[in-house]
Every structure is written in structure tokens, then in C-alpha cells.
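A, B, C and D are the chain letters, set down in written order, and residue numbers restart from 1 in every chain.
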Amino acid sequence: MSGLAVADLAVALARLRDRADMLEARLNEADAKLGDGDTGSMVARVVERMAEVDLSTQDDVGQAFGQLARAASAATGSSLGTLLATALLTAARESRGSEALPWSQISALCAAARDAMAARGRASLGEKTVLDGLDGLAQALDGLDEPAAMQAAAREAMTSTLDAFRDRPCQVGRARLFAERSVGLDDPGMLALALMVDVALPAGEPGAGETTRDVAR
Amino acid sequence: MSGLAVADLAVALARLRDRADMLEARLNEADAKLGDGDTGSMVARVVERMAEVDLSTQDDVGQAFGQLARAASAATGSSLGTLLATALLTAARESRGSEALPWSQISALCAAARDAMAARGRASLGEKTVLDGLDGLAQALDGLDEPAAMQAAAREAMTSTLDAFRDRPCQVGRARLFAERSVGLDDPGMLALALMVDVALPAGEPGAGETTRDVAR
Amino acid sequence: MKKLMNDPENYVEEMLDGLVAAHPSLCREGRVVRRASGSPQGRVGIASGGGSGHLPLFTGYVGPGLLDSCAIGNVFEGPNVQSCEEAIRAADGGRGVLCLYGNYGGDRMNFDMACDLLAEDGIATATVLGTDDIASADAAQAEKRRGVAGLIYAYKTAGAAAATGAELEAVAAIATRTVARTRTIGLALSSCQLPTAEKPTFTLGEDEIEMGMGIHGEPGLWRDRMRPADALCAEMIERLLAEAPADAGKRVSILVNGLGATPLEELFIVYRCAAQKLEAAGFSIERPLVGPFVTSMEMAGVSISLCFLDDELAGFLAAPAECPFWRVP
Amino acid sequence: MKKLMNDPENYVEEMLDGLVAAHPSLCREGRVVRRASGSPQGRVGIASGGGSGHLPLFTGYVGPGLLDSCAIGNVFEGPNVQSCEEAIRAADGGRGVLCLYGNYGGDRMNFDMACDLLAEDGIATATVLGTDDIASADAAQAEKRRGVAGLIYAYKTAGAAAATGAELEAVAAIATRTVARTRTIGLALSSCQLPTAEKPTFTLGEDEIEMGMGIHGEPGLWRDRMRPADALCAEMIERLLAEAPADAGKRVSILVNGLGATPLEELFIVYRCAAQKLEAAGFSIERPLVGPFVTSMEMAGVSISLCFLDDELAGFLAAPAECPFWRVP
């Protein structure tokens, strides 16, 4: 059965690690405008710590997600990092015992992660946070089970979610306090998810690539 | 008998006060290079406090010098300010009881002030300080008793003393520690004396004026 | 921006090494700093924590009559859940632990998770969040405000309450009341920079200042040209008094806090004006604090906190306490 | 450079107003700050003083076991002779007064004049000058060196000696020995600006630093690009140890001093390295001090002072003392 295996996680992490500098600079910049300017440094560190995890002897996707959750959680206590660890822990629970998580279940996994993060952060959808990004992902992947189509859909979902929320005010996290000021700006956490999805996935079709290159400009 | 009267002091102080901003900026700049950058602010404050002294009912030059010495001494405890107060106190002693200090005695008064300052500051001639400036003044005025000639000689003496010492190392005050670095730079205290002499005296002949305008550039 | 540091990745570790080496009353275990004299015995413990970059906050307030332990995060990041857990354990003397820290998402999530985990081990915890920054949300949403410099008032009163042997709920109630009666506003004159970042978190023009900025550089209320200290101080006091709690009396303590790069001389110039304004408004000032108590690394600026005292809070504020950066004899 | 001030002409006055308002243990009379508890009774008094702009120096060290009084000058200018006279009088308890201050021309002239004047009134004085800055003259001319942060070690030991009831000569001898055994070197990362000046005293490039700079911005030993904290600290410790007094043992106290704008985090990073270097050189560190003790307003940078202890100095350093900015229990 085809699906997300440990090796896919390792490859994605390697790609993220390669682009850590870009992530750091762009996300620090985004967070400096609305928050405390640390999203990028935090994401870079979390990526590095996750990439250092030795997954080579691990077959169980759930166990691998668990190892990554521990690495992320040890690396930071920031809002987004903690939510990311929460998401990974949820993924670990959802996929424990399987060597490959069926592609068709990725959407449900995103939805479960979204709900766990919302509970942990006491936040709701629509408040212009990473949650809305993950929600967009869950919806876009719903019903899909073919990797290439899923990748294109994921990138497309991130771009359109960013677009949809850009001109809305942030309502949670540090940025909520400057609702007006956040209008026109991407939420750092949502942008982090978009950039990470873009970087972690294999380079897409030219068409999709265009869209996401735009995101990662 | 013609000589330095209280009214001359008042006029000189008024001229100094008028140019206090120039003195402040130029002397701070000179002191910033070799010392702690405060000569100008200090001189400006001392000039202001001296100019505030009401000399209108004072006839005794010695008493007037004494009042100015007290004003200067109250206004600062910096090296140059304290030496200036010492000089004024010496002048007060030397001229007490007279309504006009003969012009012929100005040279001796400068020499006496120079010696009192040297004793107070435990410094010697030749070390590139305000003392050398005052020494140049005392020598240049020696034997003169005609105001216009004295003014020209004073300006000329200040210019030539600055020139003579510019390329020598400072050996006292904060600047002594950077002997090499002080080569090529005017000593702030000597420059202060030169600028104050230039400003306090009536505008000179075009020729002499050129020279000192250069100093005060 | 120049920083006296080595590899920026080691900023926090090396800072903590130096801190505990210089202050033998503090003891470090990983990302937890606690009292070298050991865990509390038979009284409620107090744990705090937060991101690095705010010294003397948080670690500097560990000591008798104040905190028992701190969990330390990376610069401007909350402490991770493991550090929170360890800090709470270190503060546990069998009568429960008050978790007392600033209202930031990451800090709250991690302390909450730690409390959940520790509940399974039978360690009772209570949580009180610092929410003193009046610029960070309006009065109707006061519970959403960020915690800034005024948090140290809650450290002091809760620490004193714990020292009396009070129950966890009572200690938490004192902390809650202190937070409810404390207001802070900040003013930034220049930015700070994360050790790992390539540029400052924000930039202010040569003559520009920002009123209401947070201690991580979070945007404030207005940005404008520099003004005289007394004008700025008057506005800050006015804003603080406009937000005074309904039951405020006329007793107040004030903290004029340097944000990191502002000289003590300037803090005293501000204090002078603040004291005059408060006295003119009929307040009597008790135990004023002037100095860098809660900073943002090299940020220049000042914050003013008012703690509106009642008899009980005043008593706890006056109780003996001792830590490397604050002492009440 | 932005400063939280009003009319720059009032900088010192307003700063002093705020200082004494915030610290009731201090009492101000014009340009003199003395202990509110009164003049010393039946023991030697200690007066210090100097220019403003160095808080907590000088005024912040007035208190039991330290100074009795301070004469305060304008920013970076010595105190005037009248203030010196009044400060000495305030420190006089009938057994003489030690004038203990940094070796700067203006300060020396004014204290000297004051001592001369007071001798006529039968007040005995002795003078000891701080000369700890090794960058300000070479060892052959050690008596010409400037006094910088290390002066507070002499405050502490002389203050403790005076508290024992020792004679003036004995107190002066302790101060002299402390100065003779104390070495400091400074490192500037950015400039400061006089309140009345239009621009900073000097300028350092975006990535430039200056080793050996004085606390008024006096030029130092070299100017170069920024380096890692450990490399800078190693050079500073090396320079200090190369100048150790001939009879130095292996006991040392260290002061890692912030010049005004440098965050505590960075001071601890420097302290960590300094302590390692000293320990590697066989020294044992006693009573380390880390913080802003002697500043240059908003100058960024650090100075390191070493006080090479003998048994007697170590004892005086450990004696109880209490002032607004330093306390030994």
C-alpha cells in the first residue's frame, strides 16, 4: 500500500534544512512586523533539531512522528513551535503502528492536528493563524490520494489561504493587538506553514511551482 | 591713566557670550579627539555664568576679577575651568584696589596667572597646554602698552603658539596618554584660550583678523 | 548591532553559565534555575519562566521571599515543556506550586502542558498570568494583556505570602490581586536584536520613539518624534492612572524600569517627574524601584509600572526578600 | 542620540532630585550627596566625588561600610571646589576624612583646594587617587593612570577599615594598597554623548570597537572590527594579568562592569569566559561583581577589573556594607 513513509519524512526534513536560512530570514521579517521577530530563528532551529533525529532505523511512521515531536518540543517553547510539536504528537498518535500512512488519510491527519492545536492554543478558525493554514490544507487534500495531485493541491491551498487572509485582521497571538496593522500582512505562522509545505515537497509542476515560488519569493 | 577697567571686562564677556555656541561646538570637537569632549560645553557654561555677574556697580578691577573667579569656580570643576578660575583669582590679587590695570601690566598679569595655574595643575611649560598659550601671550605683550598693538600682538601670539605646538605631542591632561595621536591636533585648552582671546577682543585690523578668523574657522 | 557574544546559538547557555557562576545562590540544571539552598520545605513554591533576553527577569528573582525556580526559554521564546515541568518540580515542597509568569501564548501552552503532566504525579499547581501591559489590549479585554515589568510586584507579594505558610489558593489569590492592581506602559527609544537575527527586530528613526511597545518589540500605540522626558512621563502616568483599578486607594508603588540600554541618569530624571505627578494626584509612593528590572537586551527606553496597594499588598511588598537583583531587608 | 531628559542644563539637577527621591538613605545638599543618617561619629569619614554621568558611581556608593559623602560635578567635569569642601565637611566626624576619587586633573585640583581650605579649620584629610586603568599609561607611569571602575574596590575596603575605627592614615593605607592591587581595562562598543553636546563624543563604525577606552571616551589602545566575546575577554584578562602587582597571590576579585548600554546577558557571557581564564591561570575568584557599577551614560561596552587580594583586603571586601547599588550582608 502506498502512503507516507518514514523515508518521506527524512527527505522532507532534508529539504527544509537546506532552505533553513531562507525560512529564518523571511519568517523573522514577517514576525518582526507583527510580533517579536523570532518565528524564523525558531523555525530554523526546530528544523535543524528535527533533521538531526536519526530516522534511518525507524520503520514506524507514528514512532517517527513521535521522535520529531520530542525534538521540536525540546527545541522551543514558542507559540508556533509548541503548536507544531502538538501537531506532530497528534500525527504520531494517528499513525502509530503503520509503516506507511495512506495518502488518503493525510487530510484527516491535518484536520486532527488542526483540532489539537486549536485546543492547545485556545484559538479558533478564522482568526488568521497557522490554524487556518492547516485547515486549508486539510480541505484541499480531502478525497485525494495521488501524491502529485496532492502536492499541487497543497501548494495551491497554501497560496490561496494566504491570499484569502492577507487583508483580514489577526485575532490571536501577539498580532491580535494590532488588528488594523496586520491587514495586508501575512500571519507569520500561516506563512511559516506555507513556506515549509512549499520547501518540503518535491519541486512541483512548472505551473504550481510558479504559484509557490511566488510565495517563497 | 589708561588701562583695563571693569567696563572692558564686561564688554569682553558680552562678546564671549555672543559667540558661546561657536566656542561650545569647536572646543567640544577638539576635546572629543583627545579628551572627554566637554571643553566646549564647560567653556560655554563658564562664560554664561561670568556674563551673568553684575559688574555695573563695581569699580575695582580686582574685585571684579574676584567675582568672576567665584562665578567660574562655581560653574565647573573641570581641569581647564579650575585653571581659569585660578587665573582669575590671581588677576584679582594682582589688581585689587585699582580702577584700571595699566596696559603695561597685562603681560605680568598673564605671567602670574600662568605660574599660578602651573602650580595648581602641577604642570610645566612645553607640555602643550593652556599654559603654553598663556606664556605666549605674556611674552607677546611684554613691553607693550598700547591697546591696538596689544590686541594685534595677542592674536598673533595665539596663532603662532598654536602653530608652534600643533605638531608636538601633548604631555599633560587627558591627552598626554596619546602623545602620538595628539600630533597634528590643537590642544583643546590652548585652542580655548586662543578662541576666547580672539572673540573677546574688538574685531582687529583686516590683516590680524584674517589670521585669527582662520583660528576661529 | 554589536553584541558581546560568541556563537549566537550558545547565547542562552553561556549567559546562564555566567549567571550562576557569578551568583552562588542560584543553581542551574539545564534550562531551570532554582535556589541553591534547595526546594521549599512545607510551604507553597513559586515557579516562573519565560524567554531569555529580559535579565534580571526571570532568573534573577529566584531567592528567599521571591521565586523558587525558573524555566528558561531561548531568546524571546517560551521555555519548553520539559523545562516547565522541571521548574515546577524544583519549586515543589509538597504544598503545591504557583506558576506565575507573563501572558504569552508559548509560555502558557508549555506551562499548561507541564501542569497537566504533573497533576498525574499528584503535584498541585495554580496558574496566575501577568497581564499588566495596558498598551497591549484595551480595558475590556484586560485578561488578554501581555505581562511585562509589573510582574515582579506579583513575584514579591506572592513570594511573601508563600513565606507565611499560606495555602496555594491563598498565595495564588495574592498574586491575582497584585496583577489586577498593577499597570505598566513602555516606551522604546531604540530596538533590540535577536542574537541569531541579521537585523534589529524593528527600526526607529534617529529622532523617533514608540509609546506602548512591548518588551519583545511588539508594536505600540504611537510612533512620533522624541519629546522631553517630562512630557513623555506625564503621558505615561496619565495613561496608567486612567486605567487605575476601580478600588484603587491612594497608596502606590512605582517601578521606573530601564529596558536595557537606558542610563540610570535618565531613569532618575523620569522618576523625578513621575513622583511629582503622582504626588500631585494625591498618591503616596511606597518603595519605589528605579533601575533595569525587566529588559529587552539592548533596547533603549523605559517602562513605568504602578502597583496600587492595599494594606495587605503593602505588607507583602515590605516583607524581607533577597535575590541577586532585588532586596528588601 | 536620544536622551530621556528635559533642558540639558538641568540634567544633573533633575537626575540628583530623582536619585535622592528614590533612595531615602541618601540626602542631597546642592551638589553633595551624603548619608541621610548623618555624619560619621567618632570614626574616619570617606568622601568621594567626580563628574556626573557614571551612575551608580559616585553617589550610589554612599552608605554604611562604604562612602560618607560625594561631591558631584557636571557631566564629565570634576566637582567644583565648594562641593568638594562641603562633601568633606559632611564626611567629617572629628577623626579626619579620606578623599578617595579618580585621578583626573579637575577633580584633583578641586579636592586639593578644598583640603587646603579645610586644613585651616582643623579638618584633617588624606587623599588617595584611583589609578586602575592600565590602558591610560604604562606601568612605569602607573601613578598617572586614570581611575575607572576598580575604584569601587577601594571604596569597599577603605569603608570597611573606617568602620573598624581605624585611624585616618590606616584607612588611607588600605585604600592605597587596594588601588595598588587593582587593575582595569575597558572596551567600548559605542559612544556616549554629553547632554549639552550636539553629537556623540566619538563615533565607532557599525562593526568597530575600541579596546582600552576610558569612561569618558578617552582614546584607547586599538580600534578594530568586532570579535567574539571570548576573544575580547581573553585579551583583556591577559593584559590585566600581565600587569599584576609583583606581590599578587592567587586570590582575586573580579568586576565585570557594564558601561551603560550593554545588557546583563552579555556581561554574564563575558564573566563566564573571564572566570574560566582566571581559574585556568590558577586564581581563585572571590566575591565576583557583574553589572553596571561604573558607567558612561549610554556607552555600550564592558570593563574588567581585577583586585588582587591579600588576607586583609579579602576581609574588608567581605565586611558588611549597604548602599543603593551594592550590598554585602
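What we mean here is this: contacts are C-beta pairs under 8 Å (C-beta built on N, C-alpha and C of every residue); 3 or more make two chains touch, one makes a residue touch a chain.
On a predicted model such as this, the values are computed, not experimentally measured, just so you know.
Contact with both chain B and chain D is made by no chain of the assembly.
Centroid distances built from C-alpha atoms place A farthest away from chain B.
With centres set at the average Cα position, the gap from chain A to chain B is 73 Å.
Centres computed as Cα averages put chain A at a distance of 54 Å from chain D. The mean-CA centres of chain C and chain D are about 30 angstrom from one another, to the nearest whole unit. Averaged Cα coordinates give chain A a centre that lies 32 Å from the centre of chain C. The residues of chain D never reach two or more other chains; the list is empty. All chain pairs that touch, listed by label, are A-C, B-D, C-D.
Residue ranges of chain D in contact with chain B, taken from their complex: 9, 51, 71, 73-84, 104-107, 109-110, 112-113, 136-137, 144, 146, 194, 196-198, 201-202, 214, 216-219. By the touch criterion given at the top, residues 24-25, 28, 32, 34-38, 40-42, 44-45, 73-83, 86, 120-121, 172-174, 176-178, 181 of chain A touch chain C in their complex. For chain D in complex with chain C, the residues that touch the partner chain are 2-7, 11, 14-19, 21-22, 52-53, 55-56, 60, 189-190, 207, 209, 226, 228-230, 232, 256, 260-272, 275, 288-290, 292, 295, 297-298, 300, 302, 322, 327, 329.
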